[in-house]
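Every chain is named by a letter (A, B, C and D) in the order it is written, and numbering of its residues begins at 1.
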Amino acid sequence: MTQPDFSQRLHGIIPPVVTPLKPDFTVDESALRRVIRHLLDSGVHGLFLLGSTSEVVFMDAPARREVLRIAVDEVAGRVPLLAGVIDPTTDRVIAHARDALAAGVDGLVVTAPFYTRTSQAEIAEHFRAIRVAVDLPIMAYDIPVCVNVKLERSTLKQLRREGLIEGLKDSSGDDTNFRLLARECAEDPDFRLFTGSELMVDTAFLVGAHGCVPGLGNVDPAAYVALYDAAMREDWTEARRLQERLIRVFNIVFQGTPRTSAGASGVGGFKTALKLLGIIEHHHMHRPNLPLNDEETVRVAEILRAEGLLPAQERKLVPGV
Amino acid sequence: MTQPDFSQRLHGIIPPVVTPLKPDFTVDESALRRVIRHLLDSGVHGLFLLGSTSEVVFMDAPARREVLRIAVDEVAGRVPLLAGVIDPTTDRVIAHARDALAAGVDGLVVTAPFYTRTSQAEIAEHFRAIRVAVDLPIMAYDIPVCVNVKLERSTLKQLRREGLIEGLKDSSGDDTNFRLLARECAEDPDFRLFTGSELMVDTAFLVGAHGCVPGLGNVDPAAYVALYDAAMREDWTEARRLQERLIRVFNIVFQGTPRTSAGASGVGGFKTALKLLGIIEHHHMHRPNLPLNDEETVRVAEILRAEGLLPAQERKLVPGV
Amino acid sequence: MTQPDFSQRLHGIIPPVVTPLKPDFTVDESALRRVIRHLLDSGVHGLFLLGSTSEVVFMDAPARREVLRIAVDEVAGRVPLLAGVIDPTTDRVIAHARDALAAGVDGLVVTAPFYTRTSQAEIAEHFRAIRVAVDLPIMAYDIPVCVNVKLERSTLKQLRREGLIEGLKDSSGDDTNFRLLARECAEDPDFRLFTGSELMVDTAFLVGAHGCVPGLGNVDPAAYVALYDAAMREDWTEARRLQERLIRVFNIVFQGTPRTSAGASGVGGFKTALKLLGIIEHHHMHRPNLPLNDEETVRVAEILRAEGLLPAQERKLVPGV
Amino acid sequence: MTQPDFSQRLHGIIPPVVTPLKPDFTVDESALRRVIRHLLDSGVHGLFLLGSTSEVVFMDAPARREVLRIAVDEVAGRVPLLAGVIDPTTDRVIAHARDALAAGVDGLVVTAPFYTRTSQAEIAEHFRAIRVAVDLPIMAYDIPVCVNVKLERSTLKQLRREGLIEGLKDSSGDDTNFRLLARECAEDPDFRLFTGSELMVDTAFLVGAHGCVPGLGNVDPAAYVALYDAAMREDWTEARRLQERLIRVFNIVFQGTPRTSAGASGVGGFKTALKLLGIIEHHHMHRPNLPLNDEETVRVAEILRAEGLLPAQERKLVPGV
């Protein structure tokens, strides 16, 4: 069954929170708390912990529990908190889901199985088994670039009809399909449709999205919140202006390549920006990803500075002050 | 450094052992022991536990340890035993590798990271970190259909030169690339090249493979061993004859589709055959995969019967007995 | 050099005109003239002859010349007329381009080479050779689904900088890339960016498109013109309303599948609609494409009727008349 | 109906003949005659004109007729002569097929339609229409990398059953599928199965191929003929030895990349080798492909020299002689 209360609370900007690490690759609790406060202070409407941007598949169960413990405590019910329960197969996902339920989150985010190759019918079975096992609302997560299979519109329709999912986070990059999906989902007023895009957020709202899960929202949450507000009052020109700014900021994700993978350059770029902003201490990711080097970090700083996210003149460059 | 002793022992037919399950999805120890004895009795040259065919990504760490405990005990050193340590990222793989070392296996089988997208340089870093952490020979596992990235020839060359891997299991299905790889690897006499193909094994040996890891080897290990023997004495006509038989037997993997995924139909087909052969009790896989139904099971039986793997006349068809 | 006059004239709705055929597969001149008048009467801003929707690759040089002769005569300079010069390789394209110049068109539409596989550098060489050979403005045509290669942003930038192309028709379906392209092209105020999408036209204008080349524009040109007008006055709510209508009409392209290919169902759907609208006589395409059958035609009619493009009640259903 | 006489004549090594060009891009008749004599003198069993290696899609109808006129005259019936009739759509292919029939070739080579996207049913319709229009045996040509669609086994089975095709040239690079195809086609003793691979020819014969269409056969036809002879007497060790030699020679196709496309580097490599061998005068291809430069040409020469195809010591390097 869909849960109207949950659905109604679920809207707007819900960033996938990065997981700051200590040098020994354990979770940096104080840094994570600072990231969360930074997001809440900017007015975000919810938080998504343990998503791809959180490096979830790099973490074992204890580390994941630690992240949720910190987040639930820090958020203290002020906004809805979603937890990714991402691992290759059904029963391993259920184990994570039980941990998430125990931690006190408000909903789960579930991908199709991966590594193993499943049919659309088996994907439906996967969602069915998880929903039966753990009584929490589920947001399906369509991310074919990671799991190598598409959540087809017909599968999503079946999951909606059976009441197995309350929403969808679409990170497929197929904007036409997203629009057709928005039209189909409009028949169910409680269903929530979120885009995972950072760059097509104004247009996603124009075609019917209820919210957005932008990785870049870690770095510039206020601009995404303002974009959402503009979209809600149908001021598309202002929404576009804010989106254009965020497209410029998004260039921080390309500074590591081709030395690193796109993934390490992207999440690494967010972490590097948060370090430059003074919010986290270390910008490295889990192994085998390599951190941005000094030269790449300078370029990230220049991008942030150009958009006013860092002061135009760095204090340390002014001698004698 | 490569380990000549290990490499010299590593050759021939090394089936990826299926993991029989009890109705509650736990490992069926007695059935697993029977599968292993069935394989050893047929003369296989090694065993690969916890591979894709073993449903490794469906199992948590305790289940994986259980499988290795049983296998090490049952094999008792008679043949080399390889353990897959397959999970998305480096440190999680290292944790499995430590378990495998503790269990007493002879070598590890390691894929590229998955779900997360890594560059070839980061893949090399992945192998480097694992090798440093756990002192066991490593066979790289190229399976792009599961991990969505290719172990490129240049990456494999680098790993060989650094002494990080002792062999390769190629499940890429790219036979031309396999041949070019065989030519390159021939410069290092201790390096072991295995094909994961069930259908191109005679040609793989013709172009220089040292061994084969056939899922179908669970069902008809004797034919694969005979094929290997023919290839070693360069009797390619006999090798082809045996391969042709195995191509006919391989039809058991197609009986579940399109009702199930290819994966569920394939491993499910092996398990169904082993149940029909009286070696295991239950033929289901982990969730969300659906088991072959009665009609599909009948077709599997017909294929086995046509090749003499089951008696031509079923006992139950003889009335009055 | 870009040609400001041409560029300034090139904007808005420029449908890719279908090519009506007689039963013997030759061009139906009177039907083609009716299609063109239908489009001009609806206020379209230009016409694109001999595109994919025109079945260009099914036609030899004489048939292509015939289409251009008819179109140039019927349009009589009222709107800009673009001609596709689509064939696999450079010199064959140049031969078509000379025919198009002789026919009196205003500009060419040029894809990357196909069947043969070329590098981005060779694609640039292709455009260079065509531009040198024939003095007409060129709109590059990015349609990877047909030519199996992407016109990369860096290649397009080079072509723009060398003054080899005056615009781009993007039929790649990658809306994020389209937006980034729009940002880059904005540095050259004479460059014209068109989308080939039928379903993301409001959002394409929002992100900076100058025009649209919608196949569905053959059927409902007035709605696309109204959508363009709404976008130009930045009335995005009205633009979206019109786009939503066109999404419903677009369902006519899916009525032939899976009996036919998507291509035959799509262009066949446009032709079937034009026949139902009384504009053309025959709805078949060139071989090997199969025409929509009676049942599929009824479904197309129902869609048109639901949107008011056909009268709600068919005359023949009124007895006694 | 299959034509036993044709089929029985069709076997062995049938190289796809390169098309030597004069500086003005017209066919170099005397060079083409020398290439053909070079091949016939080496004992090849047939010739394939106007294939991908012949740059067929770069040539208009008159140039194609010219090539066939020369080839038919030079071959004078000594071996079967196949003509590619390669263009995007059915009626254009039929026009080429009529030219080929008039020229006096023995059979046609036909791909699936391209640029336009067709279903498997429409592909069958394509072959049906061509066969009805022109009374010549047809070899289907599976080359998905160029036409972007696979000739599926089920489609080929239907075409065989209807008697529309007498053979298949497989350039798909999918060796497992090739083997399964060989098993299916064995039920029709007159059907001829050819591989387009240069590197997996021994294994192709081992699994049941009747012949091979190697582009590299332009350069070293004698080695391919010897490989075929070894395969026919089931001497697989010798077949492999010859294949290994040809794999080394095949390195000539990689010398142009990444400066040029793989296609220009491959066919350009063959042409460069033929020029070094003194058989043709010019090594350039049609536009937009760029010719190999001097440095790349030196590397091609070194490869040929290492395999004894060029004298070990170049005369010009011996001063005073």
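Throughout what follows, contacts are C-beta pairs under 8 Å (C-beta built on N, C-alpha and C of every residue); 3 or more make two chains touch, one makes a residue touch a chain.
Composition by chain, UniProt nomenclature: A, B, C, D = 2-dehydro-3-deoxy-D-pentonate aldolase YjhH.
The structure presented is a predicted model; accordingly, all values stated were derived computationally and were not measured.
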| item | value |
| --- | --- |
| Smallest number of contact steps required from chain B to reach chain C | 2 |
| Farthest chain relative to chain C (centres taken as mean CA coordinates) | B |
| Chain B and chain D, separation of their C-alpha mean positions in angstrom | 38 |
| Rounded Å distance, chain A centre to chain D centre (Cα mean) | 52 |
| Shared-contact residues (touching 2 or more other chains) in chain B | none |
| Every chain pair in contact, whichever chains are involved | A-B, A-C, B-D, C-D |
| Residues of chain B defined as touching chain A within the complex | 25, 52, 55, 57-58, 60, 86-92, 95, 113-119, 121-123, 125-126, 129, 145-148, 258-264, 286-290 |
| Chain D-facing residues of chain B, complex | 173-176, 179-180, 183, 197, 199-200, 202-203, 206-207, 234, 236-237, 240, 244, 247 |
